[in-house]
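Both of the next two complexes hold chain A, though its partner changes from chain B to chain C.
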Partner chain A sequence: MATTEPKANDEPIVLDDAIIEGAEKLSEEDIAQVINDMIRTEGGARFKAYLNTCMSCGYCSGACHYYLSRDKEPRLAPAAKVKQTLGEFVRKKGRVSRETLMRSCEIAFTDCNLCRRCMMYCPFGIDVAFLMLFVRRVCHKLGVVPRYIQDTAHSHSATMNQMWVQEDEWIDTLQWQEDEARDEIPDLRIPLEKEGADVYYSVIGPEPKFRAQLIYQAAVLMHAAGIDWTMTEFPGWDNSDMCMYTGDIEMTARLKKVHFESALRLRSKRIVMGECGHAFRSVYDVGNRFLGWKMPPIEVVHAVAFYDELLAEGRLKIARKFERPVTFHDPCNIVRGQGLHEKARSVVRQSCETFIEMEPNREHNFCCCAGGGVINCGPPYKNKRVKSNRVKAEQLMAAREKGAEVVIAPCHNCHGGLEDIIHHYKIDIEIKFLIDILFECMEK
Partner chain B sequence: MYDIYALARGPLAWGAFIVFFGGIIYRLAAILLEARKKDHVVYAYFSPYYAMRSMLHWIVPFGSRSMRQQPILTTVTFAFHICLIGVPLFLFAHIILFKESFDISWWTLSGMAAQVMTVIVLLSCVYFFVRRIVQPDVRYLSSTADYLILLLVVLPFATGFWAARGWAGFEIATLLHMLSGELLLALIPFTKLSHMFFFPLTRIYAGSEFGAVRNAKDW
Partner chain C sequence: MKSMEEWDWAPGKKIVADLEKWQSGYAAVEEPYVSPDGEKIAAIVKTEEESYTVCVNGTPWEKTFDKVWSLRFSPDNRAAALVSDTAEWSVAVDGATWENWFEFVWNMQFSKANSAIAVAAQNARSYFAVLDDTPWETGFSSMNNLTVSRNGETLAAVVQTTAVKEGDINAFQKGCFSVAVNGVAWKNAFVNAWEIDINPDNRLVAVEVRHSLYDYSIAINDEMWPSSFSAIWRPRFNPVDNSVTAPVKSAGEWCLAKDGELFWERRYSQLWHHFYSTDGKSIAAVVAPTYGKWTIAENDTPWDLTFKELVMDAVYSPDNRHIACLGKTDGKWYVALDGKAWPTPFDRAWPPVFSPRGEDVAVKVEIDGKYAIAVNGKLLDIPFAVAWNPVFSPDGKKLLVKGIGTGKDEGKYCRHILETESLPRK
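Entry: the complex of A and B
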């Protein structure tokens, strides 16, 4: 695998061998056929309106952390990403070279987090993320997808979870976490397959694999708050979805169906999901749509909103507040995605002594540069991902200077992304989930 | 010469207006029908309240953070658009033509105001042009079409100004003014200038999604 990273202003090179291998199998006719079919069948009103309406004004440029972090490299302006990809597809009537296809693939998969910040800065509200997803779908249909994220998509199709977790491993992990927690709280349970529970709790594939303590903490929190809850032992326990990001919407629909249906089968009142941004997006405004539901068929509550509700109802009580000063990273998928920023702040204020805002914040926060499946494209792109978010590093450093010692990010991908940024730019700040804080501070 | 003038004053003007209005109706209908077929979300999530909220924030100068971040561009853009629409619509000389043809008339700008506004349009175009060349990201984004539509806008205003000042050759200028104005009108529906009537559509959609589904601001 090629390892060198292009300098900001060099001609780019393709870093992922799967992209090259995929493209080598294609003739220009194949490429043209798929592109034109896609434009004919899926290039609807939004697609046309966006492409026709963009005035090349550059209002969106300064919205994108890639552009800002890489010395205002023109190619990284949101509208420029469209120009280099779909712009070429349309201009050449689909007859683009393999090089253009490979470049388009890299741009759509690794130069855009689909964070939708630029949409808020465009006078027309042009949704560049939507257009980049269109490019990804073309790439998916052509079999030109970065290797690591395609592997997670394969895992989704084979196992209905993101991390090749086998069913026995999943159950073992839950039992192990239950055992551990019982040392602390003897009557704690992680209920499995319980019918008619108030809460169906689902997590993302990486939790049992890498961050099992989060399941432990969630179980303790549920116990402390006296929640009637359950998880499922069958596929459907994973609410994550990388297929949504590889352009495989058919798989997305299957995944979300399994997830919704397992909650409905258990006749749960609602789904509560762990602290993940993209999973929430897939359940709340992507997967349900592909399945033909205007809104999810069963109420879906993100962990942040759930905590806020428990605190407001007094079911969860803070024993003593978290002492070290904290700042908060607004994950795009739950803030620009469901406006949970005020609820998150309410939880933070109730559980922490000192809260320091990052600038800009709320809807205007910068993405972590891991989202949209970019971190899932793996090691070949890590360098670029970190370099492409200097603005985030600057945001964090400014918060650090104001005294913040901890940054709270209620999203798995954000964690991965921020960790790399903190490490690369040597920022002396620790990163935590909201549940880490609550676990430490609540009455158990 | 007089023949061409009559042509521009009569059939061509009619043609331009028909193509302009017909084109707008055609393109709007086409896109709305296409959305019915392929973009169900556009109708499903349509929310008048949030659509209006979004429109208001983007139609009021400096109503969005994005606009505040680029104060010069925003000021020029608003001045440009106000004058661009205001001058042709309220110019005394235009109203006279309507009066003659249809016996309808409305409020008009003073000659001086119209000239100042025309100069604003022209200077704004110069600014846009220079910005397109000088600012690297915008330069990268710009295609030939972006430069051509600037030219398309400059022509009727420049010739109109020339004619209004009565400078040498103003007869020719008047004719060119009519022809280029008609060309502009007829091309609006079929070029990027269609953003004039696509703006509400894309904003309505963005505003509805952000407001009604995502409980978030979009400005």
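Entry: the complex of A and C
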């Protein structure tokens, strides 16, 4: 496993032995064949339009937290990332060196969170995330992928969850959380395989593995709101998807098929997803479409929208508001991805005494720098990740100076990323999920 | 085992249990389950002593447990559940536990023909299957996709045959997963293996595999098809000649392959859940002929009727002359028969059920928060608060309808036998 830290000047160096090992097996002919096959078969109109439209105007630069945080390093401008990767692939008709391939791999996997902020500032709406995903897909096809995220993709393929959670471990965790919660609420249930339940609740792999209290809290919330809900005993319970980010879209399709069919088999009316951003992107936007569904075949509701709905309907009541001042971090995939920012604010305002806006906010918010699978590329890239999001630290510090003691982030990857930033930049602010707040403040 | 012919098919309504009375007798009552013959209704209940058991038609099992879950009725009408006592787990059937106890059991399944009971089990992080209280002799470091054959004589599962250290992506990609049949693993290992099919006489087991990160194929009794594809779905045996078909993705489009060769000529945006007529002469599948439009294709010919959101639960009539399925458009569920949708949509619908000669189709549906049975496109006038799937008698002359009533029957579980002559006609 690679352990080298980035150089002080942050010059791109390959940190990951899996990338090196993968590239060493390839000849330039191998690389050219895959790149050209990919461009021929998957480089459709959108791909060509984006590449041919970019005028290198530079508007995207100021949108990118990597570029801004690393002293406006030109190579970190979104357009430059495209130029260094796909630009080379196209210009050299696929005949790029192993070094270019490795560098492209690290740029696509660890210098871009696929957050789509730059797309908003591009005069033509060029989706750089789409292009970086194309690079990742090429890397996947060539077997040149950072080790940690590849291992996670393997877990997905073998277990249908990202944490190597065995089938019995999943059920045992739910029963453990049910037992724990019954100390507080004796008649609480975490219903398993309840056919016909209104709500099918799904979570991401880290919840049973590391954050089981979130399942406990969700169960208490469902109980308090009187929701007819269920979880599944079988694979399909994990709505997350790192294969979407490694470029293994065939495995993304399999994961989403299992997830949707699990909910459909139980005939639930809707899927409610826990507080995760990338999983929402996979379920609501990417995976369903790769399977041939224009929209999800069953209604998909993110936790933020679900909480807002429960509060609006009076099914969830706030007993007393959260007293400490809070700020809110808008996760890219549910805000730029689906526009849940006002619903999130509605929940925050109803449950917290003092809400302090982070600046910029809503769809203009900066990414946590963990998303897009970057945090899943593991420890070799941790320092680069936190250094590449100084602007987020500055956002948090400004909110802290205005009095915010807690930052709410309804996304698992955002939590991981923000925790690292808070620690690295020594910001005196605590991070919570929305359900942490609701659990503390709601009538039970 | 009582055959279906021996069930009580006398026309009329029978109140089997008053569930409201159960509520007062226990600290908690979970959702009920009903036996296939409709004669029993059961629920997991919590006793006043903080233990759990199963209540069947108002009578609890004698033995109580620390925990009970996965209550289900077998095809031969026995109530079975997974039970825990002093941190060990077993299976209880009609109140009697198996002799063997395990660290954990889950994934309870029944063989369709003879109600054999299979579960996945774990002891000391070793995974294995158990069939009617007999565990496999060999355990594996992981196990999934447990599949039981129709007659319960064969159990197959995907198993991990080589341990892999965390992060060892090279070892993983060499192949660590195989298939165990009745506890014996195949010699070959694959990068991944997923859904399994077992042929009718239990001699053949087929599984979808990935033998590199990019190459998908079908393995049958440890022999892979010589061809590979960019994606694949569950294989199926022809019930008569044992040939194997599977949906495969080739050149960016889906097609049905047979014994390793592309079989259907059309290409689809999606193709999955294919199924055979009982005579093996016809194959149908859920397909998307173009992106976002869903229908059924029979022998590579799609219906003209399409749905926007999904098609599922497709089934051949027992006489192989008809196909029924569910379709969903704009949030509403439709029942489709031979390419024509019933005119009235539903808020939810469950798998269509054919009469033995295929002349009638009955479906459990939900409208406006109430449940009912729709027959040949029209609702029966028996509203339910909760309903179960209907069952036709073997001679097709009766229909068994099961549900918890409304109005004066509120809280009462009722079993209705209707004459099919009185049902709405097509």
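Everything that follows uses one rule, which is that the second predicted complex is superposed on the first by the 433 of 444 C-alpha atoms of A that agree within 3 Å, B and C clash if a C-alpha of one lies under 4 Å from a C-alpha of the other, contacts with A are read in each partner's own complex, and residues count from 1 in each chain.
As a working rule, a contact is a pair of C-beta atoms (placed from the backbone, for glycine too) under 8 Å apart; a residue touches a chain by one contact, two chains touch by 3 or more.
Here the structure is a predicted model, which means the values were calculated and not measured.
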With both complexes superposed on chain A, which partner does A:Ala253 reach: first (chain B), second (chain C), both or neither? second
Per the contact definition in the header, classify A:Lys294: touching chain B only (first), chain C only (second), both, or neither. both
Partner chain in contact with A:Glu443 - chain B first, chain C second, else both or neither: neither
In the superposed arrangement, does A:Pro235 touch chain B (first), chain C (second), both or neither? second
Partner chain in contact with A:Glu99 - chain B first, chain C second, else both or neither: neither
Could you say whether A:Glu184 touches chain B, chain C, both of them, or neither, answering first, second, both or neither? neither
Answer with first, second, both or neither: which of chain B and chain C does A:Lys194 touch in the superposed model? second
State whether A:Ala80 touches chain B only (first), chain C only (second), both chains, or neither. first
Based on the superposed arrangement, let me know which partner A:Arg46 touches: chain B (first), chain C (second), both, or neither? first
Common interface positions of chain A, toward chain B and toward chain C: 294
Of all residues in chain C, those that touch chain A in their complex: 27-28, 30-31, 67, 69-70, 104, 106-107, 120, 122, 127, 142-144, 160, 166-170, 172-173, 177, 191-192, 194, 210, 213-214, 216, 230-231, 249, 251-252, 269-270, 272, 288, 291-292, 294, 308-310, 312, 328, 331, 348, 350, 386
So in the complex, the part of chain A that touches chain C is made up of which residues? 1, 18, 21, 41, 140-141, 143, 147-148, 150-151, 154, 157-159, 164, 166-168, 171-172, 175, 187, 189, 191-194, 196, 233-235, 248, 250, 253-254, 257, 264, 267, 269, 291-295, 297, 299
In their shared complex, at which residues does chain B touch chain A? 31-32, 34-35, 37-39, 41-42, 44-45, 54, 58, 64-67, 69-70, 73, 132, 135-143, 146, 192, 194-195, 198-199, 201-203, 205-207, 210, 213-219
In the complex, chain A residues that touch chain B: 42-46, 48-50, 52-63, 67, 72, 74-75, 77, 79-80, 83, 119-127, 285, 289, 294, 335-340, 360, 363-364
